[in-house]
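Below you'll find the structures, each written out as structure tokens.
What follows is chain A paired twice: with chain B in the first complex and chain C in the second.
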Partner chain A sequence: MDIREQIRNFIASNLVIYEDNAKFGDDDDIFKAGFVDSMFALKLVQYVEKEHSLRVENDDLQLANFNSVANIAKFIARKKAG
Partner chain B sequence: MSPPPSRWVASHQTRPDARLRLFCLPYAGGSSMIYRNWSKTLSADIEVCPVELPGRWMRMREPLHTDTATLVPAIMDGLLPLMDRPFAIFGHSLGALLAFELARECRRRQVRAPSRLYVSGRRAPHLYPVAVHGSFLHLDDNGLVDAMNRRYPGGFAPEVLADAELLSVVLPILRADMVMFEGYKFREEDPLDVPIVALGGANDDATPVADLEDWRRHSSKNLDLRTFDGHHFFLHTCEAALLEWLATDLKST
Partner chain C sequence: MGKGKPKELKALVWDLDNTLWKGVLLEKDDLTLRAGIVETLKALDERGILLSIASKNNHGDAMARLKQLGIDHYFLFPQITWSAKSESLASIKEALNIGMDTIAFIDDDDFERAEVQAAHPDLVVINSTDYWSDYTKLLGEPRFSPKYLTEDSRRRRLMYLESAQRDHIEAEYKGPKEEFLQSLEMRFVISRATEADLQRAEELTVRTNQLNSTGVTFSYEELDKLRRSNEHQLLICELTDKFGSYGKIGLALVETGREVWHLRLMLMSCRVMSRGVGTIFLSYIMQQAKEAGARFLADFIQTERNRMMYVSYKFSQFKEVESGENGRIVFENDLTNIQPFPKYVSVVTPSTPREK
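This part shows the complex of A and B:
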């Protein structure tokens, strides 16, 4: 499973509004679309840290790093490249 | 030109043509996410700006504040660039206290005053917050969760209670906020030249509707009272009715 698919699955399993037909693209803003609940932010950061063995620092906590599947994948790749 | 993005309102939907900004302050333990449905429900001429306090969500690695005397000036610094057009302030519970003190801070700094102040789920600030129920600060984690659930039913999402790791992240935020809430020191000042609307849940034992009337002394303009069905968290359980009412109220703001 590639990294985007993993992230998509994680987000899908934590959606507040989940209809069978609800689709979000890799570039859709998951926060603006109102897909997620208030705990999602914490869970997302925990997920990224645990699954990918990296540390999310204060400076990393920008919406632009976390607001879409594509951006999360890019962020993880960047952190791993160190 | 729109101001640069701020960590204080990181996740909001900007609306360059809005006639009014609505700054929304969270309750104890809450983040900007508690207001996530507001922007798409309120009309397009309102820019909803949920305020992100240090220590939560995108600011989760920043130190938590425990004193309104330091937090409120910091909020003011963060929001000042967004006070270039008319604004109202909304706060629930601890957020109502912060909203009130923020309105006072505007006066101290002689900047634009809020057009309206919405204080929700909070007794008037000159009334001691824990007189009726006693302090929570000495409680251990289980005791704190139990006490919160009794006084403010529905505050914890069931998934948080079921997840020790999530709870271990949430509780320090809640504790710091409770230190701030219980340690708040009211100082006598002239009433604000701002209309105040006090909102409450009809069955909120922590915030009796009768105590909302006490906000009156804090406005030289007008106090409106509005109650909704529900307990302390009517903000969530009665969200649709609240937003419908607020949309109408903001039209005259």
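This part shows the complex of A and C:
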């Protein structure tokens, strides 16, 4: 499973709305569209840290790093590259 | 433990055989409750200190005996099993959703106390043999004496039971989460703190660790002064649903200057975390600041336990404008993106006309 698919699955398992209504592309802003709630933010950060064994620093905690499948994947790749 | 006043405990977990009662259930002893037990359980319960059990026995037999003795209703999530008591304590902590350092465990058995302490170094462990002569001695100890008895502390056990009922229904619920949340008929009521709210307000500043922006505690007198001040708003919020009330679960202090609104403190009880209501309070204050045409700043002090609050601020697009020593941060939000209230909650604010 590639990294985007993993992220997509994780988000899909945390949706607040019914899956049939939640078609989101890799570039859609998941927070803006109301697909997830505020508590999901921390879950997402913890998921990224645990699944990819990296530490999300304060400076990394920008919405722009976490608001879409594509941006999360890019962020993980950048952190791993060091 | 450091110097200063001892930390107030939130829960007391009881062993049964030879601690709560004299004798061993399995050996068919003639069990009698230890001196002062009933009085002690009743008083702790009224003080809002949660009670539970970690005992190695048959669950059914032990619960039947507790019922016979008329004290079974005091205990939340009793763990009566044959597994290690350290595991029971872990389950209780999980179910109560409080820190291990706020839980005490009382047992007469040296081995059991050591086993539990080794697994949970932060847990407070009490030797019950010191209290066999009279358990009411516990009631005089500062760690079991919260400063105030509020409506929320009196109802605490009940609120856990209501919450367990909700969780059960949620687990059984087949539809989407939003539909479930909708079915709860939640009401989030924000109001100016009144004098009657001040004890609870102080209690919230002392008890809330994870969802607390600064960890600064305020005394009753300080809060009362701020409540009357024209340059501040002291806001408190309550969440209710069709099962009952979650109690007063959030507190915010805003300094309302002409040009700058400064959020000095914001905290929210962890009990409501899974209800998706976390941003309502913040959004309301941001809307008010925007209407007042003010800049919006927020104080934050990083602690080991409030990372969730940091993440919430950052994801609500707060920017760090100042950072000082000891994790002190001042955030600013330009108020262009304020998250709307979720559709499944009806929000009542100080400006909402009251229903007659």
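Assorted remarks:
Just so we're on the same page, the second predicted complex is superposed on the first by the 80 of 82 C-alpha atoms of A that agree within 3 Å, B and C clash if a C-alpha of one lies under 4 Å from a C-alpha of the other, contacts with A are read in each partner's own complex, and residues count from 1 in each chain.
Following the convention adopted for this analysis, a contact is a pair of C-beta atoms (placed from the backbone, for glycine too) under 8 Å apart; a residue touches a chain by one contact, two chains touch by 3 or more.
On a predicted model such as this, the values are computed, not experimentally measured, just so you know.
In the superposition on chain A, A:L42 contacts both chain B and chain C. Shared-chain residue A:F31: touches chain B and chain C both. Shared-chain residue A:A81: touches no atom of chain B or chain C.
In the superposed model, A:E57 lies in contact with chain B only, and not with chain C.
Applying the stated touch rule to the two superposed structures, the overlap between the chain B and chain C interfaces on chain A comprises residues 31, 37-39, 41-42, 45, 58, 61-63, 66. Within the complex formed with chain B, the chain A residues making contact are 31-32, 34, 36-43, 45-46, 56-58, 61-63, 66. Put simply, chain A touches chain C in their complex at residues 15-19, 31, 37-39, 41-42, 45, 58, 61-63, 66.
By the touch criterion given at the top, residues 10-11, 13, 30-31, 33-34, 36-37, 40, 57-62, 157, 159-160, 165-166, 169-170 of chain B touch chain A in their complex.
In the complex of the two chains, the chain C residues touching chain A come out as 175-179, 181, 273-274, 276, 278-279, 307-308, 310-312, 314-317, 320, 339, 342.
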